[in-house]
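A single structure is presented below for examination.
Letters A, B and C mark the chains in the order given here, with residues in each chain numbered from 1 onward.
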Amino acid sequence: MAPPVTPWWRNRRLIPWLVQAAVGLLVLVLVAFLVGNLVRNLAAAGLLLTWRWIGNPAGFDIAGSWLPFSAEQPYWWALLAGLVNTLRVVVIGLIGASIVGTAVGVASFSGNALLRGLARVYVELIRNIPLLLQLVFWYFVVFLALPGGANAIQWPGLVLAQSGLYLGMPELVNGVWQAPIRLSVEFAALLTGLIVYISAFISEVVRGGIASVPKGQWEAARSLGFTPLQTLRRVVLPQALPVIVPGLNNQYISLAKSSSLAIACGYADLYSVAETTLNQTGRAVEVMVILLGAYLAIDLVISALMNGRNLAVQLRSR
Amino acid sequence: MERPSALQRLRAALFASPLDGLITVVLLAALLAGGQALLHWLVFKAQWAVIQVNSTLFAVGRYPLDQQWRLWLLTTLLAGATGLSWGLLRALPRPDRRAVLWPTNDRLAVALLSGLGVLVPLVLQLSAAIALRWWLITALVLACRWLAGRWGAALPAIARRGWPLIWPLLYLLGMTLIAGGFGVPAVSPYRWGGLLLTLIEACFAILLCFPLGVLLALGRRSSLPLLRWLSVLYIEFIRGAPLITLLFLGQNILGLLLPGGFTPDRVWRAAWVLTFFAAAYVAEAVRSGLVALPPGQMEAARALGLPVYQAMLKVVLPQALRVALPAMVGQFINLLQDTTLLSLIGLFELLGTARAVMANPAFIGKDAEVYLVLAVLFWCCCAALGLGSRALETRLNTNPQPA
Amino acid sequence: MTDRDLMIEARGVEKWYPNGYHALRGVDLNVYRGEVVVIMGPSGSGKSTFIRTFNALEDFQGGEIVVDGMALSDDVRNIDAIRREVGMVFQQFNLFPHLTVLENLCLAPVLVRKREKAEVEREALELLERVNIREQAHKYPGQLSGGQQQRVAIARSLCMEPRVMLFDEPTSALDPEMVQEVLEVMQELAREGMTMVVVTHEVRFARQVASRVVLMAEGEVVEIAPPEQFFSAPQHERTKQFLSQIA
C-alpha cells in the first residue's frame, strides 16, 4: 500500500521554506510601507535625499576643534572636525581606561585587604551610577568649579584652571595661562568621566581573565622563586589574555559609543556637530546615515585591531 | 595549631610586607582626608533646600496635584504586591531544599529596608503628610511579607502558580492609573516627569525587550538562513550605534516613517527606541544561554514526542534563560541607567528634571547636592536589582550544592 | 512471526552526510515484537546513526522504515506519532536538569498524551520504584550519580508507554561500578517482553539477553545471528575480526 501523501503544510522539508517565505514577505511589506512613507513625507517637505547641502557653509562654530575651523567652512568639514574630536577622546580614553582598569583589576588580587576592598568598592560604586550622571558631575561639579588665574591648582608640569588644563611648561601671562599643550575643561571632563567609568568594567574583564588562570600556575611560579609581580607579568597575564581580549573589545566599543555623550560636557564631538547640522538643515536621513556609518566604522576598526591582536596572542601561545 | 588572633589576622591582611604596610598607610591617610572633607561638606556647606523645595518635581514631574492620589494608589498596590511576592518566595521553598523561613540575609534585607524607610523622609525633610504615607507604605511591604511568609504555604496550588500574573496585571492597571482611560481622567505624557517618568520608561522597555530579545536570539540560532540573517543584521546594527543617535533617530525620523507625519508622543517614541535597543543586547545574553545548552536536550525532548514549541518552552528556554539571567539583569540595569539619556532629547526624567531645576536662578551652583542625591538613588536601585538577581540565581540553580 | 509482530522494518536505508560521507549503505533489518536486538560494531560503523533513523532523529535519503505499521515519512504529524511510540535512551542520559526526577518523567505524558497529572505522577512513582530510585523522586538530576541518572532516563522513556525502546550505548558514559545496575534494569525490561534495540559494547549483556546480535561495519550490516552462534561460531571474516578486537 502506498504511503499517504503528506500535505504540504505538514511536510517537514517544505516547512522551513514556508516559514522563511512568510517572514520574508512580512519584512518586505513592512519595509515597503516605511520607505514609501519616508519618501512621500520627504518629498512633501522638499527634503528629498541629496548630498549637495554638504558643501554649504556651516554657519556655526566648533569650540576646541583640532582641525582649523570657522563658520564659513562647509558642513562636511564641520562633521570631519567633529569626527576628529571624537577620535581624540576615544584613543586617549582607551589607553587611559586600559591602564586604570588593569591596575584596579590586578589590585583585586592583592595580598593587602584594604587595597582589595577599595578595588571592590570602586567597581561597585562606578558600575551602578549612570555614565551621563558621572559625566555631568565631572563637568559641572569638578572641572567648571576649578579656580581661575593665579588661584589655579598648580602641580609640576600641570596646571588645572577653569580655563583649561595646561601641560608642559605652563606660565601665567597677564593673568592668562599659557602652555604648549592646552586641553579644554570640556575635553578633560569627558575624558576623566569616560576613563573612570569604563575602567570599572575593564577591571572586571581583567579580573575574570586572571581568575580563569588555574591556581596551580601561581603555585608553580611561587615554588620557582618568582615574586608575585613577576608571576603576574610573565606567567599569569599572558595566559589570561585570550580570555580578556574579547571582553576588552566589547568595552572599547562601549567607550567609543559612550563618547557620543560629549554633548553633555559641552564638547563638540561628532554627535553634537551632527545634531547641530541636522537642526539647521533638517536633513535627518542623510545626517543619520553619516552618524551611524561613522560609529559603525569606528567599531569595526576597533574589532579588527583587537581580533588581529587576539590572533597574534593565540598564535604565540601555540 | 590554634586559630590566629584577630590582631594577627589584621596584621597579615594589611601589613604582611613593608610594601603592603606602606600601601595601607597611604590609603588610610587618603581615605581619612577624603572622608573628612566629604563629611565637612555634607554637614556644613551643603544646602539641601534645592531637593526639598522641588521634591514633588523630582518625584512625579508636573503631574497635576489633584490627580496624584492615583500615583499613591499605584505605589500602595505595588508595595503590597512586592511584600506578598517576597513572603511567598520564602514560604514556598524548592522541593529539594529544606529552607529556613527567614534566613539571616533575609532579615538583613528587612533591617536595611526599615532603616531606609525611616531615615529617608527625615533626611530629605519631607512634609509630615508625605513622610507618613512613606512610612505606611514601608510598613505595608513588611506586613505583607510577613503575612505571605506565615500563611503562603496554605494557599491552593492554583493561586501559587498563577501569582506571577499579578505583575503584568499591575502593569496594565498602573498605566491606566498614570495615563488615564476607562473613566479615569487622562493625564498627558507631557506632564509626566522625574522618577515617575524614569520608572515608566524603564519598566516599559524592560518588559518588552525581553520577549523581543528571546525571539531575536532564537532567530540568530535558527537553521533557516533568512531568519538568521535578519536577526544578525538587526543585532549588529543596534550594537554598532550609540544609544543617543538611536534616540535622536527616533525623535526625528519616526515621524517621517509613518503616514501623514503622524507622530506618537515623545515619551512613547523614546520608550520604543529603548526597547528595540535593549532587545539586541538581551538577544546576545539569551544566545549565550542557548549556546551553553547541551545539544542532547532538544533531541531528548523531541524523542519523547514533544512538538518543537513545547520543547522550546519547557526544556530549552527555561535552561537557557537560567544561564542568561545574570547577563540579562545586567542589561536591565543598563536600561535603567540609560533612561538618563532621555534628558538629552528634551524629556524631563530624573536627570532632565535636575538640569531644569538647576537652571532656576535660586538654585544655581547646587549641582553637587542634586547630583549626589541622584547618584545615591540610582546606586540603590541598581544595587537592589543586582542583589535580587543573585537571589533569583541561587533559587534557580539546580546544580549540586557542595557538601 | 506474522506481519503484525513486525515492530520495525528497515529496507535499504541509505544516508549521506552533507559532506558527502556515505554513512548507511542500504541497511536492512527486521525487529519483531518482544525481541531484543543488540547491534555491535567498530566506532564509525553507523550503528548509532542507524537506530536514530527509527525515530527520525536522523533523516535518510533512500529506503524505507516502517515502525509498528506506521511508515516514516516527511509528515510532521506522522513523525510525532512514531516518536510517541518509540522510547529512546541516550548515552549522555539527556535528563532535563531544571526539573526534578518526577517532573522529568511526567512532562511528556502530560503534554503529549494529554493525561491527568495526578495519575501520571502515580504511575511515574511506580516506575521509579521498579528501577529502584523511588526515594530520589524530588531530587534534581545534577544531584544523582551517572547510574541513577540513566535509570531515571529509562523510566522517563517508559512513562510514555512506548512499544519499542531504543538504547544508544546506554552504559558507555558510566563509571564501571555503575554499569551493572543499568544493565540489570534493561534485563528486567527484556524479561517483561519489551521490544528493544540496543547499541552496546557489553558482550555479556548480549550473550545473556539478546534474541539476535547484529554486526555493523562501514555503514552495512555484516552479520545477524543469535548470540550463541554470533559469539562462538561467526560466519563472516569481518565478524571474526571484530570479535578478536573486543575479546
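Here is the rule we go by: a contact is a pair of C-beta atoms (placed from the backbone, for glycine too) under 8 Å apart; a residue touches a chain by one contact, two chains touch by 3 or more.
As the structure is a computational prediction, the values presented were derived from the model and not from experiment.
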{"item": "Higher-contact pair (C-beta pairs counted), B-C versus A-B", "value": "A-B"}
{"item": "Chain located farthest away, centre of subunit A as origin (C-alpha)", "value": "C"}
{"item": "Chain with minimal offset from the mean of all protein Cα atoms", "value": "B"}
{"item": "Where subunit A and subunit C are represented by their mean Cα positions, the distance between them in whole Å", "value": "55"}
{"item": "Computed distance of Cα centres, subunit C from subunit B, in Å", "value": "48"}
{"item": "Whole-Å separation of chain centres (CA-atom averages), subunit A against subunit B", "value": "24"}
{"item": "Complex contacts: residues of subunit B adjacent to subunit C", "value": "95-96, 294, 296-297, 299-307, 310, 314-315, 318-319, 322, 396, 398-400"}
{"item": "Partner subunit A, residues of subunit B touching it in the complex", "value": "13-14, 16-17, 20, 23-24, 27-28, 31, 223-227, 230, 237, 239-245, 248-249, 252-253, 255-259, 261, 333, 337-338, 340-341, 343-344, 351, 355, 367-368, 371, 374-375, 378-379, 382-383, 386"}
{"item": "Subunit B-facing residues of subunit C, complex", "value": "55, 57, 80, 83-84, 86-88, 90, 92, 94-98, 100, 107-108, 111-112, 138-143, 156-157, 160"}
{"item": "Parts of subunit A lying in touch with subunit C, wherever the complex brings them together", "value": "3-4, 6-7, 10-15"}
{"item": "Residues of subunit C that touch subunit A when the two form their complex", "value": "71, 73-79"}
